[in-house]
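Look at the two complexes coming up: chain A is in both, with chain B in one and chain C in the other.
Showing the complex of A and B:
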């Protein structure tokens, strides 16, 4: 059972890697940014687990800024991806402008909330 | 119907595509011929008609809400609006920082109230912004006018948003028009806006705006609309506690879409942006605080957020992997790891998340909760379950148009109609639980009924139009003989169809006009009375106005020392602080149950015990409301049992059965002895025993209860009467200082 699972896992890994290699570079950059944001969020949660959650608003604002920007980057990726039929009329410049605007609002609120 | 026919002719062409092209020009030329003077194309005619109707609807929505302003004067009615007015006044005088950091020592003596942390600032900030804008444009308005007229203004805006919402839901702009005409004469949020200056006036506008923007975001999948809906949600959170409805309905909607398989990338974009940004913005309101991540009521939204991430991630992986077997292996691995991680995380997070929602929300899910646990919430009349008569009174024809509209929504399912159906059903459930929530259901009911009306009218006019085309076919120059004969056979198959359609159309318009009349009548009769001024019919049928409340509050303002403290039941707290400008012990905010229970205990005890309590609270004056002379039935004697219950909830020394006789609440000779000697009884009926209230009845006949009172010889030892208004409605007593020791 375990051996088949590891074999499956390896096959899975290989096929995922090969499928992913074919994605265009701009999408890979966005993915990298998402990974960075999620990673930062995890570090913050680990820090909170060690140090405690006071002041809570600072913790929340830090965490939500990472989560928020990750989510917005994923939305950008969805809108820019050529394979999505629903967004083929949307020019990528418009998608990026929306992304920038939402990030601006997000970070303004975060700065107010940071305390 | 003429106008409907004209624009329908454009759409009718799309549906009746089997007609010859020559027919099109035949139809357009008579239409153009009619308006040839204006030289407009059909599309422009449609736009003109639509804009005209919208303007009329806007104006109408505004002026139906002005009955009380025109009849009495421009003043703040009821209880909560007094407080809102006072805070808005403070905001305009002291500025935003003064307002945000305000500690009010004039209410809840001796505790005071941190106003900045315990209110929803949306309404006040909106009114203050309008006031500052008008002042900037050099209109010298008083803030009170802005407050009183602000609610009708927002009602008009709400109808506008409802029109756009209707347009978003239907593809045809045609649907927007009956939608607009239904929403404008739409009643139930009328009554709380007539009350004029309360949170709900702005909140319903914000609610509908948020829903409209969210549906638009789901339809277009654009981040900009999702951001706009997050701002709409922020406005809603700042305005009313009912925002919990939005934060639960939207995730529920997302779940329904996921389950029915209607999900798409647009949904992901819309919900995620709205949730994260909306949650962050909402937490800026101090009153809401961290509830979005801690309170049980908001967990659904977070749960759906995480679910969406997982769902779409799996979807993406499935898309990347071409082999289903590999995908199953992937699923297996990730599910086991996820379960392990989830158990660990749940254990760690148990510490943080509180499972108790607010009491009011628990009341919505379990209507009997408050009666057993929290008498204060159960005692508010707006929190009672709704009777059928209230529904009929408020909704009239919409009650049966609503199911019809649901049917039409199901016939043409789309993301937007699913949302509307869910909004309608959930809000109707909540409207059934609590009377006050009828106003949340109203926009949904109106929109759904409008869909029913517009679909019916469209079908009927199409029938009428179809039959109209046939005679013109016969008479037109370009039609061939074969075509005319085939049309004639169609005509013969349904001989009365045209007449039936016309009859039904007339009936539908009669129904709509009746509905509009009913709404206006109800507004004028039932929802336009300011409760601060009472009106009644005199002996000769003339209208008699009772100004007792204002008389009493102004007496307080002018004849008591500025630091005097007034004890009354919590209903009148806001009004006393706003109009009488005196410190009160408890007011309508009802945030401290023990304090209110102390007052309740004082009111239900014997005079000497009550005197101890009043001395401990530094009370100088006591105010009671008494309806025995006028027959006014919302007085303190009728509310007395709630005082007993609330007091008894905290102080077991007060027992409700002591005041009842065989379970019956009486004030006449057969009443319980504790009832006949408690403070409330004495203060209400002091000197009442000598008064002749009605011809043919003995002195001391209580017109509100319809009995002769039991204890006519009331003597007060520790209080003295200082003021009774001209109709005995409000009575004020002064607490005597303790006697000298010798």
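Showing the complex of A and C:
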């Protein structure tokens, strides 16, 4: 049973990897960007866990900046993905422009809250 | 101004009929300085000739030789007024009055011209002030310059016209048109009538003069009296603008009546003993006499303005003690006149005179009976006199007694003339006794106003006791058993202080006698607490205690190295991202190559970079409003540029 589970897991993992290889490069870039944002958030949480949450506003703004930008990147990925039927008519440049604008607004708020 | 002048004039000429005159003082330097303050010339002259005359006359009466400052300018204005043809009667009158005091150099022709003008005015006058000023002016010219011949042709006619303005109650109207009458006008009228009589070339009909005398008597029926007996005239109907007070009115009447009485033959029958007299005042330089220093009783008699009195004797009619119900100790003593000091002196007080408060009654007897018409002495003058002396204190002693039995445990003699510091101790079962005898210089018993013993505790709680006496012996017994509650059960050291004092006692004393250690029982539960002692008043406004503020403990900050370490750690995912990008093989192939889109693309990237830079600046030093303004501007630029680039890219890729 255990061997089958491990083998199944390995097989699953391999199939995921091969499937992922076929995704277009721009989507991979976006995925990488999301990973970067999430890791930065995790490091900030670890720092807060060590030293305490003073000043709390700074911690929140740093964390939400990472989380926000990750969310916006995910939205961009959804909109840019050609296999997504819902956004067929939306040109990817438009989605990218939205991404940039929303990021700028987010970061203005973040900078204000940073203190 | 008129009031000040009038006041001094009134004092000279006032009728002071009183049976018991109050104590007056003659004119002193305070009056003189008050007069100088009141009459202050502006730029060397006064506002009117009337005021100038009042000032000069006041200075003359008081003996202030200050006329020289204003005499030059006054003489100039006097000459001007007398020489001018348009001066009115009042100005001429007062100019002549000033001339009487200052004696300026005026040419005879000018005075002749003035005199003829005044004569014409007299004949043409119809109102009382006109008569008054013109007749008065003519009298002044006649007195000052006998060379100028002053004639009043129709003196009798003038007399009758002035008389016509009189009323039945003795007062006068100002003019025939005006029905208002006043007592002040009556004074003016009498003076004018007196002037007419003195200027008349021939005798005036005596029957008319007699009717005026009757008017004077009628006017004196309206005389009023103050509480202290002095008499005065006042207006019945008061016109608020013109009202100047009883002194003003009285002085006008007196001036008029005096002038009239001087020119008529026969006497005016007036109510009262004296006519017009100079009052003499009895004054004492010192009302406190000391027996120890053998002070003599000194009295001075002078007129109100300080001039010498005629020869007279002062008699001490009676000296009665205030306390022993008026028993007189001195009767009918004559005081000797000491020519050097011009005081009347009583050689020596009789030996039986003791210390205390007395009432001395003086009477002035004039040598020359003729003077009695000229001077008035005011009857008997009463003066309160204090006679002070040394009070003998005999056998002062302080003792602690045992209760009930009264046996003496400690007894100490005191020396109240010098320093004492006894040290006693007692408990609550004992008594404290303080006793001494007081006697006056003549040996009689003496009860001073204050005989007080004070016990003060270390904590500044004080207790005051009054001592009683029987005859000469003063004694107090403090029974501590009864006083335990009053003392708030405070044991400890009490300072003893004795006060013996009176206004006639020259050796009043406030002595610290020493201290007593009191041993009182413990206070019970419900005992009254001693009253809180007053706080030093300065401490209320002094600085208060320093407040030590308690701050919130500052947050524990992480060590610097840890923070920097994590800063570096945060950059690791960024590096990972860049490495990942390179692994994926990113390229810039889609970057537009043709010129215009390329510039726009470059600008797009620069714009985004500029916004991010702005955010960094915002974090570092800018405020939100500046940032928003800048973001707005950059945003518009960015949108425009971005739109161009992205639409170009969209068109090329589709």
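Everything below uses one rule, namely that the second predicted complex is superposed on the first by the 114 of 115 C-alpha atoms of A that agree within 3 Å, B and C clash if a C-alpha of one lies under 4 Å from a C-alpha of the other, contacts with A are read in each partner's own complex, and residues count from 1 in each chain.
The rule is simple: a contact is a pair of C-beta atoms (placed from the backbone, for glycine too) under 8 Å apart; a residue touches a chain by one contact, two chains touch by 3 or more.
Note that this is a predicted model, so its numbers are computed, not measured.
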item: First (chain B), second (chain C), both or neither touched by A:67; value: first
item: Which of chain B and chain C A:56 touches, first, second, both or neither; value: first
item: First (chain B), second (chain C), both or neither touched by A:98; value: first
item: Partner chain(s) touched by A:43 [first = chain B, second = chain C, both, neither]; value: second
item: First, second, both or neither for A:86, with chain B first and chain C second; value: first
item: Chain B versus chain C as contact partner of A:112, first or second or both or neither; value: both
item: First (chain B), second (chain C), both or neither touched by A:25; value: second
item: Per-residue contact with chain A, leading partner among chain C and chain B; value: B
item: Touching partner for A:33 - first (chain B), second (chain C), both, neither; value: second
item: Chain A residues contacted in one complex by chain B, in the other by chain C; value: 112
item: Contact footprint of chain A on chain B as seen in their complex; value: 221-224, 226-227, 230, 264-266, 268-269, 272-273, 276-277, 279-281, 283-284, 290, 293, 317, 320-323, 326, 329-330, 332-333, 348, 352
item: Chain C residues within the chain A interface of the complex; value: 555-558, 562-563, 566, 569-570, 572-574, 576-577, 580-581, 584-586, 608, 611-612, 615-616, 618-619, 624, 627, 631, 635, 642-643, 646-647, 649-650, 654
item: Chain B-facing residues of chain A, complex; value: 5, 8-9, 11-12, 15-16, 19-20, 49, 53, 56-57, 60-61, 64, 67-68, 71-72, 74-76, 78-79, 84, 86-87, 90, 95, 98-99, 101-102, 105-106, 109-110, 112-113
item: Chain A residues touching chain C - in the complex, by the definition given at the top; value: 25, 28-29, 32-33, 35-37, 39-40, 43-44, 46-47, 50-52, 54, 91-94, 96-97, 100, 104, 107-108, 111-112, 114
